[in-house]
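Each of the two complexes below includes chain A, the first together with chain B, the second together with chain C.
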Partner chain A sequence: MSQAALLVLADGRFPAGGHAHSGGAEEAVKAGRVTGAADLEEFCRGRLHTTGLVSAALAAAAALGLDPLELDEAADARTPSAALRVAGRRLGRQMMRAARSAWPDPSLDQLAAARPKGAHQPVVLGLAARAAGLGARDAAYCSAYECVSGPATATVRLLSLDPFDATGVLARLAPELDLVVREAAEAAQRAVADGVDELPAASAPLLEVGAEAHAGWPARLFAS
Partner chain B sequence: MTVRTGVASGVRGTARITARGDGRGGTVLPVLDGEGPIVPRRTRSAGAGARVTLVGAMSGPLGGDHLTVEAASREGARLQIGSAAATLALPGQSKEAARYDVRLTVGDASELHWLPEQLISVRDSDLRVTTRADLAASASLVLREEQVLGRTGEEAGRLTSRLTVRRAGRLLLDQELSCGPGAPGGWDGPAVLAGHRAIGQLVIVRPEFDQHRPGPALLGETASLTPLAGPAVLVTAVAPDALRVRRTLDEALRTLT
Partner chain C sequence: MHLDHSHDESTAVSADAHRPDGHRRALRIGLGGPVGSGKTATVAALCKELREELSLAVVTNDIYTREDAEFLLREAVLPPERITAVETGACPHTAIRDDISANLEAVEDLEDEIGPLDLILVESGGDNLTATFSKGLVDAQIFVIDVAGGDDIPRKGGPGVTTADLLVVNKTDLAPYVGSDLEGMAADAKAQRAELPVIFQSLRSDVGVGPVAAWARAQYAAWAASA
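Right after this comes the complex of A and B.
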């Protein structure tokens, strides 16, 4: 077990396919809701406290050893957008391939067999963290950070935003990321005691609506 | 009617409605009572089902109040519940949040339409709403929820609303919206509401959707229909005002039922 495994898992170059997704930023840019660094920051903040919190809590719960199939069902119910469920499972399948090769573990093999088309990405991420010897908070950090770094990186490409500005956004969000991770880890602990209904279900209506719009575009730079 | 005593602890009240089939295609209402600020009244129904209107016997919910509605549609019943007017979440003397809990149960071969008027979150109010629907495998549900952030030109209060739908013991939908002053950051930003002041959800669960479920569709620029992971669809709409949300949801409801 190594703490540095967290860096491997959180690295943007970890081959789990995340770079192909904008986390809703592509649609928000096209709709004119994100036009620069200030909007991007508010976009990422909103995403962090909604789907970011939910994903982080799912990842933390999986890392604590909760039944991944039950968590997968909880993720489905918390992802009403069909387009986002498809994206989440596709990312989960890619994460699964990378994780099985990095940290082979029977728990990953079992989930891969039970969900051959992919389980929701945060659930796989949490299991991968566990297989790597990491804890629930580590898994939550990976998930929450990815939820803001994805849109920030995508917006650099979409708006030709200065990468220094995008990194500034992430740095300013760091204290809130700490809070979201703490909340996610606490919810995961409660879920161990009282069941998965304890997990947060915070939603972002415009991310849900935007994902359906984006999925219908004939041409796009990002998969979601 | 419950009288406010001026004590800061708030009002408790539960409205109970139970409908069941009468075995001849009609619906009877063996339970219809309300101790508290929400009174259910039987109103004229167009078809074979029963229709109930919730009437607010006093203003609120105010801070510290805890209101509950428990409605069940059983044994082949067809029940439609609406409300006489919008619900206003108001600030109270108590610093505590108000609570409004809705518990819906729909039995096999039964149907429930839960179509209340809007919930308006008035400035300085603080309300937590939970709506839970538990459905049997062959139950049908039409559920509408609309939230309006502030009266015209007014700042929003604090509102948290969680909606959970379960069918045959399996979780179908679980989502929570949190907005207003003091809500987690970004609630009014480009990922969540982007300045829109009205939000609506319409959930339709029908056993027939097991065979044929409507596909995803855009319903204008800020509204969409999406199939859930089960025999159900969800319409989500945000708009600058309540009227536009209602128009979108009404149109979707006409197309889907």
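Right after this comes the complex of A and C.
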């Protein structure tokens, strides 16, 4: 299998709906918590070590072949905000469509049939990585990177932030991304032996609360 | 991996003409064009004109709000369950061209929830002259411009003006007030589009949306005949 498949899956232009979501950045910008590149970096760092770690571990576990339905429940249990559960499933459904076109595989068909309105996005992402012949770490990298690149590109649009500054934020976070991916992949390995309770359950309460508020706004640029 | 594996029953892919249950899906017509050119008003008029003869639904792609969907609901052009809105993350053209997944889900959900439909109108958020719909999302597309937006738009061309299956030049009733040269617009459009049709429309006239509705009817007839 081709390692370059990782580039296809991680590409921000992979047509799986991510462009319409800000990863909480829109709410944080409106609340005044993100006003520039420095705030964005802190926002992304927090997200990476909480939501990002959980998503990366779920994706890695799916890539290792754990039962996707069990992982889907684990994702539900780790997502207190109903709005974020809806967004996660919507993105999972969109990821499923793209993945089935790119890397057709019976495992994707089975999950699509079992969750026609969408399984949680990291689970589908991990399964897609597996179908593409990629490993657990690859899946974790995709998920963790997406968790910071989404808010970064959204903030470029929301604040007219200099795109070079936003990219600089991502570059500076790269070493931490490596650490989060390692932790996620190790947790996924433990989950193979000892069950999904081994997966991390780090939470970012402000992201969850903010997502609930954002979902009620009458006017917004991003879906979440 | 099975590269020759065909997609099974649970999700149709993009442009497949049949739904997962084997029935033919609805014809999908996209409406794009600049902000304020009259896309939503045209959609509303089309719904009123065609709803007695065709089973219709609408997907709107608002840039910032649900206003277009809410306008259609307020005007009661269709029952609310037949109107759905897609959020586009500040990039309306992305949602109709580069990443059509949210719109595909919207059209599929409408067909799942309402039952067989004949025609789904997919309205883009107002955008620029390069915004066109992916062939994976719609079967035909209408590009709506208006005379008050500048009578040089047909001459400037761009993918919307040159390649749309139908170009609608809207608000012709305003031409005398804004000094737009309709004959010049028609000549420029002809030069850009060769044999592709152009309709000059005023929704305030007696004719109203009639010619565009007739075009949509012909599209549907061809779609139904090709089953």
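Heads up, the rule we're going with is that the second predicted complex is superposed on the first by the 224 of 224 C-alpha atoms of A that agree within 3 Å, B and C clash if a C-alpha of one lies under 4 Å from a C-alpha of the other, contacts with A are read in each partner's own complex, and residues count from 1 in each chain.
The rule is simple: contacts are C-beta pairs under 8 Å (C-beta built on N, C-alpha and C of every residue); 3 or more make two chains touch, one makes a residue touch a chain.
Keep in mind that this is a model prediction, so the values were computed, not measured.
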Touched partner set for A:Ala215, first chain B, second chain C, both or neither: first
Partner chain in contact with A:Gln94 - chain B first, chain C second, else both or neither: second
Which of chain B and chain C A:Leu177 touches, first, second, both or neither: neither
First, second, both or neither for A:Ala202, with chain B first and chain C second: first
Touching partner for A:Ala61 - first (chain B), second (chain C), both, neither: neither
Touched partner set for A:Phe43, first chain B, second chain C, both or neither: first
Partner chain in contact with A:Arg33 - chain B first, chain C second, else both or neither: first
Contacts of A:Pro116 with chain B and chain C, given as first, second, both or neither: second
Overlap of chain C and chain B interfaces on chain A (superposed complexes): none
Residue ranges of chain B in contact with chain A within the complex: 162, 164, 170-178, 184-187, 189-194, 199, 216-218, 221-229, 234, 236-238
Contact footprint of chain B on chain A as seen in their complex: 24, 28, 31, 33-34, 39, 42-50, 53, 73-74, 76-78, 80-83, 85, 176, 197, 200-209, 212-213, 215-216
Residues on chain C engaged by chain A in the complex (per definition of touch): 1-3, 5, 7-11, 13-14, 63-66, 87-91, 94-95, 98-102, 104-105
Residues of chain A that touch chain C when the two form their complex: 1, 13, 15-22, 90, 93-94, 96-98, 100-101, 103-106, 109, 112-113, 116, 131-133, 154, 157-158, 218-223
